[in-house]
Amino acid sequence: MKHLELGLTDEQVREMYRYMLLARKVDEKMWLLNRAGKLPFVVSCQGQEATQIGAAYALDRQKDWLCPYYRDLGMVLLFGQTARDQMLSAFAKKDDPNSGGRQMPNHFGDRRYRILSGSSPVTTQMLHAVGIAYAGKVTGEDHVVLTSCGEGSSNQGDWHEALNFAGVHDLPVVFLVENNMYAISVPLSKQLAGENVAARGQGYGMPGIRVDGNDVFQVYEVMKQAVERARKGEGPTLIEAVSYRLTPHSSDDDDLTYRTKEEIEEAKKRDGLFVLETYLDEHQLWTADEKEALSKAIDTEITEAIKFAEAADHPNPEDLSKHVYAG
Amino acid sequence: MPVISYIDAVTEAISEEMGRDKSVFVLGEDVGVRGGVFRATNGLIDLYGEDRVLDTPLTESAIVGVGIGAAAYGLRPIAEIQFADFIMPAVNQIVSEAAKMRYRSNGTWQCPMVIRAPYGGGIHGALYHSQSVEALFTGVPGLKIVTPSTPYDVKGLLLSSIRDNDPVLFFEHKKLYRLIKDEVPSEEYTIPLGKADVKREGNDVTVITYGLMVHYTLDAAKKLAEEGIDVHVLDLRTLIPLDKEAVLEATRKTGKVLIVHEDNKTSGFGAEVAAIIAEEAFFDLDAPVSRLCSPDVPSMPYNSKLEKAFMLNPEKIAAAIRELAEL
Amino acid sequence: MPVISYIDAVTEAISEEMGRDKSVFVLGEDVGVRGGVFRATNGLIDLYGEDRVLDTPLTESAIVGVGIGAAAYGLRPIAEIQFADFIMPAVNQIVSEAAKMRYRSNGTWQCPMVIRAPYGGGIHGALYHSQSVEALFTGVPGLKIVTPSTPYDVKGLLLSSIRDNDPVLFFEHKKLYRLIKDEVPSEEYTIPLGKADVKREGNDVTVITYGLMVHYTLDAAKKLAEEGIDVHVLDLRTLIPLDKEAVLEATRKTGKVLIVHEDNKTSGFGAEVAAIIAEEAFFDLDAPVSRLCSPDVPSMPYNSKLEKAFMLNPEKIAAAIRELAEL
Amino acid sequence: MKHLELGLTDEQVREMYRYMLLARKVDEKMWLLNRAGKLPFVVSCQGQEATQIGAAYALDRQKDWLCPYYRDLGMVLLFGQTARDQMLSAFAKKDDPNSGGRQMPNHFGDRRYRILSGSSPVTTQMLHAVGIAYAGKVTGEDHVVLTSCGEGSSNQGDWHEALNFAGVHDLPVVFLVENNMYAISVPLSKQLAGENVAARGQGYGMPGIRVDGNDVFQVYEVMKQAVERARKGEGPTLIEAVSYRLTPHSSDDDDLTYRTKEEIEEAKKRDGLFVLETYLDEHQLWTADEKEALSKAIDTEITEAIKFAEAADHPNPEDLSKHVYAG
């Protein structure tokens, strides 16, 4: 079985699935809350959970670093954030660990788990990841940094500068591009010359690897190799994981103005969450009861998270001017 | 006369000018098939084809830089920056290139280009979808900067901007897009860049402002009229070139000036206006030149209570005017 | 006390601090083997090794972005931008990232980083090696901005900047590098950010200025003393945080204020200073708040006659003071 | 013989040599004038003439466009500028066709020959080239644009955005990277991951070709193919031409602080000018007298150019504020 070949236990595969499902369900719930008028904005991970969990699972969650992007709900949950954290953030409450309600949801950042605070302008985080990797080199730490972005964002200048810098200094960074075929409404063919991000690796003297982002094991496998290379000081790796954005770009988008229902339905058949569920079923890695219980436990967790977050305090308007500068 | 919204005035101006002048074309993220994330370029691709309504890769520096090349060649690009906050990666192209092309070539090359960008807050956009960025550019000679407040002004000023032979930053307040409707002639007309507009005549206190704050100030003025305070409201409309004569005249009118803008106070454009008044209309003043602006924090938070604390509103403006009137 | 040049004070401050604090490191173009194109980092690579004195690729956004990551991790990067004019490609990283890191993370992350950049003209640098770029940043909350005028101030302010927990733009006037020598203690000492300095006491006219213009103003003051005009000279030293108390006090001292800077007039930092005076010291004024600045053109030309026409000098400053004194 | 295989006549080869020699001699003379204190600044083409002439010779000089960089003296001479133009520029005189004495020498721009005005910040011109190419597509012209930069500059964000944009739209641009092994003091190994620019082509869906930049025929050959592809609408090409910078970076540099005399002497043996001279000698494509006469004619041309430029008028200081805006 694939997972055993990769050195993953049954338990670990179930854990992977658990986090993928948690991410999916948190995300789905946010849409409901948005449509009910309770949340002004949602941006999703749906369709990319296999990529995110496959990648982050190969890291050392005790010492490695994340510079994620706004879809990486799966990653940050695996690294330690909870459904409650997400809901505090979605409702913009005081105890939102990312920003105390200052940033939009999915603008992750959490010192507890070495997740660097991110912003909205895309791709800036790639350079921060390089800086954290460089700092490790200077201070003699052996952490690895995983940073990610969408394929559209891989055309930004900062992306190029980051990969080159990391390549020149053989820094322990893994650059993950989550290719979901669209940058808002713009399809791959209009974003990317060559329509292939991985091919760019060579130009930075690093491996560039394209994998099926719906296959959590494929992502885990190449990521594990990349992490090993990085940890040994052999330099960075570029990974392009191809999947599909199953939702509109955000709750402000209407994706049927630029793609068809049929295309989306077709993509859903390859949904990585479904793929792993099928794998667990087919290899009988769980009982129907276990499966059911997992789903229920997550539902309960999320329901409680929402209740908690709704009741939680808003930030104090008097704190508006806090934290512009130190002290 | 047709009554149309602020954003419809944007679309109408672009569409008319594209029909009239084949050298005009639009480029930006999602401007084509999707018609812009705010829908400002809605329908244009059907009318003018995808070569003249170009969906670009997600690269602001390229949007502006490619525009500069096309403008130098002789076309009239209208570049859309999806949110003004995301103009930052294009600052080098704007400041080093567009603004200096004419000067550095001793007048042999030029850059007739419009850069449109939705700015401003109060729409739950959080730190990176709410910023006022005009002050970053008002100190850069070679650029013109337009900040209309009404649909009528939008159309007339946008037509002038497209026909202008210099680079124009055209900042559209995104909260006004659908908030404000106005009578707008369907024929073409232009409003010259560099002409301010008295939006309300009054005798007690002068308010100098632009953008969304024009409307908040007019609301405040209405309320204050009942208290017997007669407010004079000058809408700058274009920041660069600044209508200095209008500023000085409005100052002389009442001898008491309040400058209002949504941008933060320190080094906001109000500083320049205040400085001009303090230098050139000093002896006409009956009171200190006052400024009412957003607080000096890095932009407004997502949480609605914090956002409200950040934003100016008619009440805050009325209070500041009242204070000045009583001096 | 040793008498050293302005640029030697830069080198000395960096070197001392690198010796004292292992978390400090330098990065930039040509800063290593070459010791910087101006030689500000001369010899540091021999003392501290190439990991702490890093020659980067030719990529300003990466220099700043990598610095941000390293700073967030806990190091104290000193990034060199070779000429201030070339800071433009890094504006997104500075404005969107460094300036907002603390605020957006509700105080959980920070960016203790110094960005050094030689600025200013009068050295045949033409349009792109002469610019004053400080005004681009003074309106961005979250940044501190330092513009020293003497070797003594350089050392004390640079040490404070490196130890500061917020991002500091440290602008060094390149014409001063070898023009000015000063007594500078070889021991460590700091000058707090946000404290202006009276460089000359006087009773007739107050000049508020910074950088190279401090020296030109002192020259002018010397000449005017012979004519019986007693000039008070306030050197701002740091623009942000601004020493407002010192500005108001210097205004009260004479009631007549001239603000002088090399940057062009419109929306230069002088506008903010003038606006503060007009708002908060209005009743202490005996004359309009005046500004003497470079003309509103896109920077000074290469031709020496044009450069001279552009630059302020002691004669032009003296004339402006004289005019104010006679009011 | 190589040149006949390429379809070049003997006469054309002599013309290539003539322009290479002209460029070299103009450049050498500028250094002498600099050392004599007559010119404040020089930046050289020496060592890159074969690349520049080989590349530009493959263009149609009646309709194609150049967006060159500061070393491309060979290109602009071939396109029509003269020794006199260069000297007017070096002495910053009024009739300097590039900038009327406003920009540093080698900041080329000439409407007569479709050479777009360039600036100092590196790599911005790549995007302008893409814009000119795009404009040709929109207006139905079949011009090709050649744009060039150093290998250090190929790491800038704009470079990436330009190649990707051109790749997506199959635009008629040739991107020439003149790899001279150094970015000021920084050697290739510290600039470029992989130390190979051409390898990046693939990531933009275009051919990336590495040639010996000292061999004018090799450069001409790949360039000719690239121009044909471009003209036929088959898209852009990336060419990396490897040579060596024979001079210090500029007259402000001291290159012996970071490289050895021996290395430079070694490189001189492969100097492209010398290589072509040898080719002409060996294949007896000229007589000794013709060779001598050519050299003399060029010397005379340059001497007269200097005399003319020294005597020429300075720009009028009163024109300092001209050409900030149109009209």
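Residue numbering begins at 1 within each chain, and the chains themselves are lettered A, B, C and D in the order written.
One rule holds in what follows: contacts are C-beta pairs under 8 Å (C-beta built on N, C-alpha and C of every residue); 3 or more make two chains touch, one makes a residue touch a chain.
These figures come from a predicted structure and were not determined experimentally.
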Remotest chain, chain B as reference, centres from CA atoms: D
More Cb-Cb contact pairs, comparing C-D against A-C, go to A-C
Approximate Å spacing (C-alpha centroids) for the pair chain A, chain D: 45
Distance in whole angstrom between the CA centres of chain A and chain B is 37
List the centre-to-centre spacing of chain A and chain C in whole Å, with centres computed as mean CA coordinates. 41
Where chain D touches two or more other chains at once, the residues are 99, 101-103, 107, 119, 121, 155-158, 161, 164-165, 168, 190-192, 324
If a residue has to touch 2 or more other chains to count, which residues of chain C qualify? 57, 59, 61-62, 85, 88-89, 92, 96, 100, 103-104, 127-128, 141-142, 296-298
For a test of understanding, state which residues of chain A touch chain C in their complex under the given definition. 67, 96-103, 107, 109-111, 116-117, 119, 121, 124, 126-139, 157-158, 161-162, 164-165, 168, 322-327
Across the complex, what residues on chain C touch chain B? 85, 88-89, 91-92, 95-96, 99-100, 103-104, 127-128, 135-136, 138-142, 240, 242, 263-264, 266-272, 274-275, 277-280, 282-283, 285, 287-291, 296-299
Residues on chain A engaged by chain B in the complex (per definition of touch): 40-41, 92-93, 99, 101-104, 107, 119-122, 152-153, 155-158, 183-186, 190-192, 252-253, 257-258, 314-315, 317-321, 324
Which residues of chain B touch chain A in the complex? 29-30, 32-35, 37, 55, 57-59, 61-62, 85-86, 88-89, 124-129, 295-298, 301-306, 308-310
Along chain C, where are the residues that touch chain A in the complex? 25, 51-52, 56-57, 59, 61-62, 64-75, 77, 89, 92-93, 96-97, 100-110, 141-142, 144, 164-166
